[in-house]
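Heads up, there are several structures right after this.
Common to both upcoming complexes is chain A, partnered first by chain B, then by chain C.
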Partner chain A sequence: MKTNILKSILVSFSLIALASCSSDDDGEMDNVNPGMVTIEFDSNFAGNELTIGNANTANTNGEALTVTRFNYIVSNIVLIDEDGMEYTYPKENSYFIISEDSNDALADNTSIVLNDVPAGKYTAIKFGVGVDKEKYDQGLSGAGDFWDAAQEYDMTWSWAAGYKYINFEGTYTSATITDEAYKVHLGRASDEVTNYTETTINVPSGSAIIVNEDMAPEVHVTTDASALLTASEAVSLEAYGNAIMGGEGAVKVATNVPLVFAVDHVHNNEAGNSSH
Partner chain B sequence: MILTLIGCQNNDDDGYTNVLVELEVPAHFPEVTYNLTNNPLTKNGIELGRKLFYEGAVSSTGTVSCGTCHEQKYAFTHHGHTFSHGVNDLEGTRNTPPVQNMAFLENFAWDGATGHLDLFPIIPITTEVEMNETLESVIEKLKNKAGYKALFADAFDDGEVNSENFLLALSQFMVTMVSADAKYDKYIRNEEQLTEDEQQGLAIFEQKCASCHATALFSDGSFRNNGLQPNPKLNDLGRSKVTGFEADNYKFKVPSLRNIAVTAPYMHDGRFGSLEAVLAFYNSGVVDSNTLDPLLHNNGSLGIPTTEQERTVLIAFLNTLTDNTFLEDDRFSEK
Partner chain C sequence: MKNLIIIGCLFGLCNAFAMHKTESNDSLQTTVTTAKHYVFDDFCDTCGCSGNGGSMGFGTGLDTNFAGVRYISQSYKSRDGIFNDSPWIDENFNTLQTWGRVPVSKRFLINAIVPYHFHNREFADKSTQDISGLGDITVLGFYKILAKQDSIMVVGPQHSLQVGGGVKIPTGSFDRANNTGSVNTSFQLGTGSWDYITAVNYGLSHNNWGVSAMLNYTFKSKNSKDYQFGNQLNYGVNTYKTYYITDAFALTPVVGVGGENYSKDESYSLTVLNTGGDVFFGKVGLEASYNKYSLGVTSMLPIQQNLNAGKVEVKNRFSLYLNINI
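For the complex of A and B:
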């Protein structure tokens, strides 16, 4: 990480935060002793720290990337407890921008704070990367602040009006190419090819995210930027002319996206203390 | 009369008074695609949208408004311009399509650059050759321009001058721009008869054109390659510019044919100056390619063959799609 000043922007779609609790099977979960949960996104590159602006070793496609910008939209967060019950964070508050950027004017955002989460022992997190069709179809109604924030982070498109889900930019060197600029922008291509993906990641076995009014757990999620181009589909930047902004390349990157994330560890801090 | 005011008053402590407006959907039209629940039409919202549509401050030079390119008497197209002219008279590469019946479309722009009307205005505002602005700076300008604070306050609950309300107001206005009162519509409503020629034209149209130019909108909303020879200078790939798929090369949104008699020039690049030229193209100018629509590829013959007599009556029919009520409706005019 470029900096450990963990600044978060929680971009709300609405001024009224409705804490809704639901479960799969037996109706409503009561929201007693709710607590807060912090999710930190620690970026890495194939297991090593991702340093914005520094070269990484060549990936399995034979391309060595220097990343100058890595930002993405995390959305629709669901916490799953040990019994498989799901708590869906209120959708209107569930869109976040995670960002690390060589542009110093843009604050790094690497953590998300969820408030009023029902007490419980959660063992998995589910979330989306990007903007789902339902949200897209709502257009600008209720999206004002989020749209503005997305624009600030260059996560909107003007030629294909909508959101960019991922900006992954920098330069790369291969056997045949030296320090060529590359851009990977993931976004909606059409109603059929939305490129929006969801992933469910488990906390390490034996561990849990313990939520109640006395606790302030921090969940450390690792994001392997390298895996965007290698996780299951091999995506060579050279093969796509250094720019992937749609088409087959984007679909392949979208296939890799859910595999990029993992829960590394959880700190079950008491409220008022925090550690890393 | 397309809009009816329903007597629902919204009156709060700030003196915010607004009246909900119901969109009256013509019986022979497909369903509304725009989500009116998320952005309910109000009298003040529509009125603000109309003002913004004709507001030059939306462009970097302060002189180009949406209405500059989308002129009412030409069904909100840029009549006589092959390509749209924006700020500093820079030329775009696409012909300006009409803004009409937007409430019923799934995708916007020739290539479907966006699937949501709210997001559409971001494209012209931020395009260098169109309005060359940023949304943020447009909002700043509006905040400092007399009158707008009050207009936004009257139009929206939260009353803010911000990008959300700006775009919602523009959508409200565009959603009300329904064209459904042409001679053809009167014929459908049994209010008027078509002439012999017009009727023959309709029959040929249904047989040869309506598979793509479908429904009362005269478009099925799909993206297709109708066989235009690509202009090598522009090489506009159309739909694939958005999706990135080669299979979408040279496909463009099937345009509505409403008010077609007043919207020359024709096609995404405005290459044809008359309807005669369009029909001559379908008759003998269609060019084969990997993505040519299969409907234009019949047992080795290309295009849509028509006789001269058929072309004459087809044009007579197309002329029945001109809706003077819409073209002269002062609810849509600059005033």
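For the complex of A and C:
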């Protein structure tokens, strides 16, 4: 135990030492030879490709979902390098809508491009799903264009009620119900119950996101829509009357959210070469 | 799969039996002009860009000098996507090569191969990709530790043993962009790197029967694009019997097994996911020789495989060659 504490202190000191070598006064890394990073969200349903409008096999709650809309907000992106150093993407630019929607008027959005990321080897990504309290508390004036974009994708309620972090809709069939419409809208309940969650996902062992001015890495993140209702808390649509907009159901969904995401693989592409 | 193994075993049994039966004819048999064999070839690289020791067939007719052309087709399927239900796509690797073996001295010989590749694949979205061009040229030198006796008076089993090494020259182009479309990182014309090969070939012939074994290992280096293919082990054992139809014309059926083992690739010194693996083949072939000419056909089918974490499967390999003895 003692040695562990000693170790922690040593590690802390060395981290501080490292940080002071490579950091500005504000604790951020120097931005030398910055590069871009693309995060591609590959949605699936329990391991099979998620196809909007196609029926999926029944989940562990005995409900077979046909997804018509799977939109969510990804925010506050942090890249963590091999030494555990964190690079926080500028907060004002760190809100994104990921969308797969049967409404053809809305362009599908499945990737995020981060620019001017400091050169380095990153091995984990941390991000939030939804909108944090700080951003919410800034009010409409602090929301900027993001509120309008969110409105377009039906990711808002009224201003007071705030954003829908996740808008997950479709129909489902169970032993007792056939082709019933369902809605899962996750959002803020109160200052205490924000339902905003953060998740940290590691790249596969031995892999890394290589960032510098000559590279254009692409991180493939899998998003398992089925996990929203099954990952840790079993959330039956039928039990919540086909609509989860708040209350206990939303809290359970929020518990599942961090388990929805994983890094499948990283393509360390040279800049100028895009993936197939 | 099991059938292949059974057929192989049966052939082995027949082999032993036949050897026993024909023993009394030793002196007679050795006086007949012997056919030249190329039947121990075909350990292709899973890499379409190969043409290394494995695919060169340097285990073949160990004491024969020749020049020839060979066509090799390799058929693969690989996952186009990362999900359980992602579609499989077909990938076809085709190679036309000139190859040859020339003696430098009594104990030393040089093997060389110059491949031309033309590969194609169709993605799940129906888009297609074709690459073609010169592949990696391989040059190997072999030292004969044991060589088959020239004398027709020799009676009894004959052994050949050769050890050698060489280099695979990055004459085939390597394009990183080819690797982003599929998990099959081998859809390339070349490894782009200088690769080094060590090899051992062994041959045993007795009367019209023969057994050949080969083992080689390729050390692959990092290429200029900071990509490094995994090192590769090839091995194989073949057995054959030659039937002399006339003094000038002979037929040689062959059966064998062989395998390949790949280490994982590295990109920017990081392990590439879903690379490496192993495959074990059964093989059948037939060679027809007429005077100085040999025409051969071989087919290889996988018995067991686990390539690229199961995301790439070899379906079959086929080759056709015409060689002239020199």
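To be clear about the criterion, the second predicted complex is superposed on the first by the 244 of 276 C-alpha atoms of A that agree within 3 Å, B and C clash if a C-alpha of one lies under 4 Å from a C-alpha of the other, contacts with A are read in each partner's own complex, and residues count from 1 in each chain.
Heads up, the rule we're going with is that a contact is a pair of C-beta atoms (placed from the backbone, for glycine too) under 8 Å apart; a residue touches a chain by one contact, two chains touch by 3 or more.
Please read these numbers as outputs of a predicted model, since none were measured by experiment.
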Ask   = Which term applies to chain B and chain C once both are placed on chain A by superposition, clash or fit?
value = fit
Query = Between chain B (first) and chain C (second), which, if any, makes contact with A:A208: first, second, both or neither?
reply = second
Ask   = Of the two partner chains, chain B (first) and chain C (second), which one does A:N44 touch, if any: first, second, both, or neither?
value = second
Key: Comparison of chain B and chain C by chain A residues contacted   = B
Inquiry  = Looking at A:D191 after the superposition, I want to know if it touches chain B, chain C, both of them or none. Which is it: first, second, both, neither?
reply    = first
Query = Who does A:T156 touch here: chain B (first), chain C (second), both, or neither?
reply = first
Ask   = In the superposed arrangement, which partner chain does A:H220 touch: chain B (first), chain C (second), both, or neither?
value = second
Task = Check whether A:E248 is in contact with chain B, with chain C, with both or with neither, and answer first, second, both or neither.
result = first
Task = Using the superposition on chain A described above, determine whether A:N256 touches chain B (first), chain C (second), both, or neither.
result = neither
Query = Touching A:E270, do we find chain B (first), chain C (second), both, or neither?
reply = second
Message = Taking the superposition on A as described, I'd like to know which of chain B and chain C A:A143 touches: first, second, both or neither.
response = first
Ask   = Which value in Å is the smallest Cα separation between chain B and chain C when the structures are fitted on chain A?
value = 36
Ask   = Taking the contacts chain A makes with chain B in one complex and with chain C in the other, which residues are shared?
value = none
Query = Mind pulling up the chain A residues that touch chain C in the complex?
reply = 42, 44, 47-49, 204, 206-208, 210, 220, 222, 264-265, 267-270, 273-276
Inquiry  = Under the definition above, what is the set of chain A residues touching chain B in their complex?
reply    = 15, 136-145, 147-148, 151, 156, 158-162, 188-191, 193, 245-250
Ask   = In the complex of these two chains, what residues of chain B are touching chain A?
value = 35, 38-39, 106, 112-120, 122-123, 126-127, 135-136, 158, 160, 162-165, 167-168, 171, 240-246
Message = Quick check: in the complex, which residue numbers of chain C touch chain A?
response = 81-86, 123, 176-177, 180-182, 225, 267-268, 270-271, 273-274
